[in-house]
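Before anything else, here's the structure in question.
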Amino acid sequence: MQGNIASAEGALAAGCTFFGGYPITPSTEVAEHMATRMPKIKGACFIQMEDEIASIAAVIGAAWTGARSMTATSGPGFSLMMENIGYAVMTETPCVIVNIQRGGPSTGQPTMAAQGDIMQVKFGSHGDYSIIALAPSSVQECFDLTAKAFNLADRFRTPVFLMADEVIGHMREKIEIPDSVEIVRPKPLPEGALPFAPGPDGVSGFAAFGTGRHIPVTGLTHDERGYPDTTNPARHESLVRRLVSKIEDARHDIADYSIVNEEAEYVFVCYGAPVRTVREVVERLRLPDTGYLQLRTVWPFPEGLLSRFPKVKAFIVPEMNLGMMAREIERHVSVPVIPVSKIGGDLHTPEELVEAVKAAGGLL
Amino acid sequence: MRDDWLREDRLPHIYCAGCGNGTIMNCVLEAVEKTGWDQKKTIFISGIGCSSRAPGYILTDSLHTTHGRAIAFATGVKMANPSLHVVVFTGDGDLAAIGGNHFIHACRRNIDITVVCMNNHIYGMTGGQGSPTTPIGKTSTTTPYGADEAPFDLAELAMAAGANYVARWTSFHVKQLTDSVLTGLNTPGFSLIEVRCQCPTSYGRRNKYREPVDYMTYLKSHAVLKEKWERSAAPGTELPVDSFLVGEFVRRQRPVMGVPDEA
Amino acid sequence: MRHEIRFSGFGGQGIILSAVILGRAAALYDQKYAVQTQVYGPEARGGASMSAVIIDDEPILFPKVRDPDTYVIMSQQGFEKYGKSPRDDAVMLLDSDLVHDRPSCTWVGIPATLSAKKDLGREIVANIIMLGALTTATTVVSGPALEKAILDSVPKGTEDLNLKAMRRGQELGIEGGSS
Amino acid sequence: MKLEIDESRCKGCNLCTMVCPYKIYRPGSRPNRRGIYVPDLDQPERCPNCRLQGLYGRRLCGVCALICPDQAIRWVPEKPFEPMKVVIEY
Amino acid sequence: MQGNIASAEGALAAGCTFFGGYPITPSTEVAEHMATRMPKIKGACFIQMEDEIASIAAVIGAAWTGARSMTATSGPGFSLMMENIGYAVMTETPCVIVNIQRGGPSTGQPTMAAQGDIMQVKFGSHGDYSIIALAPSSVQECFDLTAKAFNLADRFRTPVFLMADEVIGHMREKIEIPDSVEIVRPKPLPEGALPFAPGPDGVSGFAAFGTGRHIPVTGLTHDERGYPDTTNPARHESLVRRLVSKIEDARHDIADYSIVNEEAEYVFVCYGAPVRTVREVVERLRLPDTGYLQLRTVWPFPEGLLSRFPKVKAFIVPEMNLGMMAREIERHVSVPVIPVSKIGGDLHTPEELVEAVKAAGGLL
Amino acid sequence: MRDDWLREDRLPHIYCAGCGNGTIMNCVLEAVEKTGWDQKKTIFISGIGCSSRAPGYILTDSLHTTHGRAIAFATGVKMANPSLHVVVFTGDGDLAAIGGNHFIHACRRNIDITVVCMNNHIYGMTGGQGSPTTPIGKTSTTTPYGADEAPFDLAELAMAAGANYVARWTSFHVKQLTDSVLTGLNTPGFSLIEVRCQCPTSYGRRNKYREPVDYMTYLKSHAVLKEKWERSAAPGTELPVDSFLVGEFVRRQRPVMGVPDEA
Amino acid sequence: MRHEIRFSGFGGQGIILSAVILGRAAALYDQKYAVQTQVYGPEARGGASMSAVIIDDEPILFPKVRDPDTYVIMSQQGFEKYGKSPRDDAVMLLDSDLVHDRPSCTWVGIPATLSAKKDLGREIVANIIMLGALTTATTVVSGPALEKAILDSVPKGTEDLNLKAMRRGQELGIEGGSS
Amino acid sequence: MKLEIDESRCKGCNLCTMVCPYKIYRPGSRPNRRGIYVPDLDQPERCPNCRLQGLYGRRLCGVCALICPDQAIRWVPEKPFEPMKVVIEY
């Protein structure tokens, strides 16, 4: 099964009943598969919208009816979604956005892999906010993490991103599809509660449109009733800080990762396609003194995991961009952080990673 | 009755004195009441603009979205749950400037929603810039020497794009407007009701309609009933300057989307 | 053992489908691990398309084909772009009428397109003939596994034609004029 | 039934004064505490709506309330509903 | 004069002849002023486009005719521009984009000040790239930096951003308008040279449309002739690395800043409106042991300037966001970096900064 | 001659065998040649799609922009320098899906550019998804069970929005198309020439027009000359199934933008 | 010396223009430094609008008014929102008919709107009357500077009316019934 | 003047074979080195364009070259231009 199709199947397994999208290489197979599958599922709707702005808008609208809803795109379309992604954050709308990353900037390399949108997903919309982003490194993870994304979206009432890349999206591997996947729906809105009043975890309950709760949803700064209140600094501050902290405070809880060899001196930190090469080097070639941290949750960044390597001499960060996560890691550690940037579409080769370890002072 | 649909705790609303938006809200609520729709199942959706603030004053579920995108959001709501009734409030800027694409595509799909456009020929919310419906020669902060771009005819556009129901009235024609909205609500498929209305603050002030009543008087005297015009005017005659047709432009039954299954 | 198989030809020959079928045969019916990848893009339309499969007994980590041991080449341009420098111990299956050059490694010429047209009346199954030949000219995939994978993958109503094509390929894979 | 302007909502736009065919609304003359010139009502009992709605069982005019952009105009019950009286008054 | 109007006047002084925009609070006065002024200037064109996507598109189109061209917007509109900003980067189109920042995310606080788009300007479009961003802290700087932005845009063939905020944009102060401003136009494209072949500084010469050079402009990865070449990793790598390094390598050259008191132990790093409070504290109140670094060039980040404070004990970073530039500074220094975040629209008060210095261990 | 306008070093182009785009490029270049325009002053602009790759093969200044935005870029070029001649190549997806808003606004402004839409009823470049012009019932990768959304009539839309010149032809009608493009180029204001054409790879393959010649045959037999139809058909008669009108739909002289000053 | 002046009233009264004129008078004609700011937004339309000016002999760094020494209040809502807690030594000019409450600090009641309507026939110049009063009731701006600034700022053809309003304000500023 | 198909451009779509009223193009029978079946030209001298263009001074048909999506069809000069001969041939 192809990564993109696994992602679509993961969504369906999680009960996704609305897909609004616009074709773009290399994400198109997600939509195409949904177009084939959804018309056969009662109550499910696939719609091809007029553009990506409309796609994410429709997805947010659908989410408010209580549907699990999703879209899939790639760089240029992702850029177009930025305004409405901010709206989803501000209105605390649970939804899932798949980005199969390709080479940018601009139209760039439509058919080649990249990881160049990994900062954009965090900073691409205006203003301060936080989101959750996951990164699969296999077709199986495409399935699993897409399904999981819906649960996180519902639990935290926030858009959740599957930041895959062309390598993983277009690769075919055998996967195991479980009979059923775990499903966590949003906390219901307690009777009499205000629709945007947070629970102890900073997340408010959710009531779907049509259930008589008369919820006014707005992208303006609003109070707990949902009424606009745009000139009161304290209101804005408390709202935005809550939206950020409901996610950032749960970062260790949200973290999904693998650690191999905590005793390592040269630690790869990786996510997405480069995980494949890292594992080749660490697990198959058994390069001495090396280990790795694979992040399946990329944002919120689980910086605490970096301290799980007591003997680390350097973090080596292979990315298919010019060192984006390496920037983030630099903020948190005092040992050298060595970005191994590769852009243009090819995956890092094992030799390149071996070289990087050598350059960091290893394998002597 | 209509009061049951209002969020009393948010009134008075932010509209300027004499703004046409408040009137149009009344007429739409009046029409919605007449449908007998369940308040729980009725959703109001809007973009950004003074006009788009209307849903915030109505006691139902509502989405006040991003500028121009109301119809795209509405499409998601309606397609995900066709049993909901979806009404969009929008402005000329919201619908026809930034939102033009969603507008024509919803007409094409003939999705079963009703769109009420409060066309005040200006961007009210941002302080009076020209819009795609500002008539040639009228001044605004971005057309200080008079607008020179041709305006859209929103009704024509909706028809060419495929909408099932298209009508135009003004904030003066409250009765006819209410009836027309009701027809729109009851017509399966996409309905556009364009309502020309006064913005005394941003449009009137710069165009010699300073008082709300001034523009009302203009609307009253320059709106030409379509039926009457077609009956009486010799074919090919141009409308008098500054006049415009009001009435029902089309009511038809093209295939629609978003209507609940019969089952 | 890790096998890396590369397919190339022009658009419309079913180069990608070949790889998908092969991957499926290996993963589902030969009980191995398989990863299938390909080159995308409009540029691939006019020119040469390429797809690849890795087959291994262990889970496949690094998923890209770097130095294939097996080639299936169905056009001259495909040969030029993707088949020019095989390693010495590689095996290359060529559509003998469409590829004019010959490689330095071991090769097997299969008149797949000609045979598809002449023997089976449908040019479109040339790729299945090539796949059939793979089972007899190499050890990357077993005949029964391939057969099941083909049946999984082809449109209803064309099963017989495709199986015939596979069998014809198996014959040609044995006869095939090699270097 | 009796017409009433909610002073806390009215913004003094005078649209009601324009549309009422019976000229029941007259532009206000004194600003209220919020600085608004709320219209005065001139013999509201002349409003056919108020007089005849009960009889006809439906709203007869209502244009003022529909046009009031501030939802400030409403009918409040005046005295117990006495349909017979209406006929006589006419 | 108002900050927004100063910005428009700065553009006109620099010879801006094309403005394409879409109104949005709090940037609208820039467009409105242009609408009043440009029709009176021969050869100049003001056009109100149908949205922000069209605005930036028209600006880029106009730039290729050789016109100095510009747009102005705020958060939501800025988010919509992201795709075409990437296009301007990829095609090396000189143009100027003014963002008068307001409270986000989403529609947020349309009339209140913020600095929440300062990471977005760097990371908001997909893929790897670099841009130049300036931040004014006074009405005079609105004028000066807008004019300067055109020169930087032309010199580096890149979009340049004026990242102002509502405080500065809507404030009125007296300014001095020089008789003429310095104007640096792009290097001409040498006869026979390929249109995207870089000079020694990584920047290629520019020839306007209509001058017979037959330049094919594309947002796809392209060679030096401008021809698409999208599947060659080396081509992409060299193109993108050049686009980044032509700007990053010149970071110290581009840096525009003020330093007060290099001997300071508590150093404020600031840009935009908060500069006003920092100056109040350091220059007017003469708070002991304090100094500041005002960045007028925010990106590329001139990290070398941080080492100009040999005695620094802490960097204090007052921002009207949740600590965005503080993140960047953390990457480069080993002393504590103390963000003083304030969101909701109010400017930091002098007392708040005094408190921050105390909290950092100063003033004891 | 026409060859002077081609970038020989980029041919053969990336289009599939028998793709209609190449034919349309020929006709447009033929028409451009006839205008006598200076090659230096002629600018081709496009969005993203197979169709939008055309400018890249033409030896002039050109902008291959972002998906759907060609007309907005063109507006900037033309308004900043009205002495340039601006021609836009676009596809049905580029123009009518994502680019619909720029399209109708350029018509409204009646900006002096010529837009040639290669309408193959499909997203060719991305492998064959449905577009806003895919006819009902036709299959594509996103309408595997047949399209159920009504398609746009691009010509009607352009007329309703205000364009000065609107025509429709097909890739079979090379002579008429060339003439029509020439008229469009010479008409001040916005000109749309819609060209229905074959995409054997993405549309034909799924809809029983596998060979280029198959679709050509369809175009030849189902294109009904507008003039003829209006002369011969009884008013109100519907066109035969799958047929469509070709010809010149409107040529008029509304006020325009972007035309050089007389001075 | 630093002066902080706050204006408030309702939309349409020219609250922002007042501040702009005052700032201009101070900066261009009194040779001081001035910064003008304001509260924006649709919410300000229905409710109370606010604008402010800082006037100083030295360059103004922190640009926001925090504790005004001078107020010009032209509506009851403006008073409630922006004039309720002045510092003790502040001076507040009130439109005496529109503001019903009175502050704890020194205040001067100016019947600006009434006088504009009655004496000058145009309610719209009430704000200029208030500005005029500022020159006589406070020291924040000089009469000649204000006059020049008004002439710079008002539409052609209304100069006389506005100057009359200013003069009337100057008179009222002296007469003004104070607490 | 003589018709020619540029083999390096032709993709074998056969549109020329469809449109020529004189059936001068015939579907190719053998693939070339690139696997393309380039059409064969059957008595190209029958093309009125080739014969009469010189005489009439303008292009007479040219549909094949216009429709060829690959810009593969062109006219190349055959022999020195001899207008008189043309008349006789007709």
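The first chain written gets the first letter, and so on, giving A, B, C, D, E, F, G and H; residue counts start at 1 in each chain.
The definition used in the following text is that a residue touches a chain if its C-beta (ideal position, glycine included) is under 8 Å from a C-beta of that chain, and two chains touch if they have at least 3 such contacts.
Model, not experiment: these values are computed from the prediction.
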Mutual neighbours - chains that touch subunit C and subunit D alike: none
Interchain contact steps from subunit G to subunit H (minimum; 1 if touching): 3
Dominant interface by contact count, named by its two chains: A-E
Between subunit D and subunit E, centroid-to-centroid distance (C-alpha), Å: 57
Distance from subunit C to subunit B - Cα centre to Cα centre, in angstrom: 61
Residue numbers of subunit E (touch at least two other chains): 25, 50-51, 53, 76, 83, 87, 106-107, 110-111, 218-220, 230-231, 346
Two or more partner chains touched - positions in subunit B: 12-13, 15-16, 66, 97-98, 100-101, 105, 125, 132
Where subunit G touches two or more other chains at once, by residue number: 39, 41, 43-44, 46
Contacting residues of subunit G [partner subunit D, same complex]: 10, 46, 75-77, 97-98, 100
Parts of subunit E lying in touch with subunit B, wherever the complex brings them together: 22-25, 28, 31-32, 35-36, 39, 46, 48, 50-52, 76, 106-107
Complex interface listing, subunit E residues touching subunit F: 17-18, 20, 45, 47, 49-51, 53-54, 57-67, 69, 83-84, 87, 209-220, 227-228
Partner subunit B, residues of subunit F touching it in the complex: 97-101, 104-105, 108-110, 132, 136, 148-153, 156-157, 159-162, 254-255, 257
Residues of subunit E that touch subunit G when the two form their complex: 25-26, 110-111, 166-167, 170-174, 273, 276-277, 279-280, 283-284, 346-347, 349-350
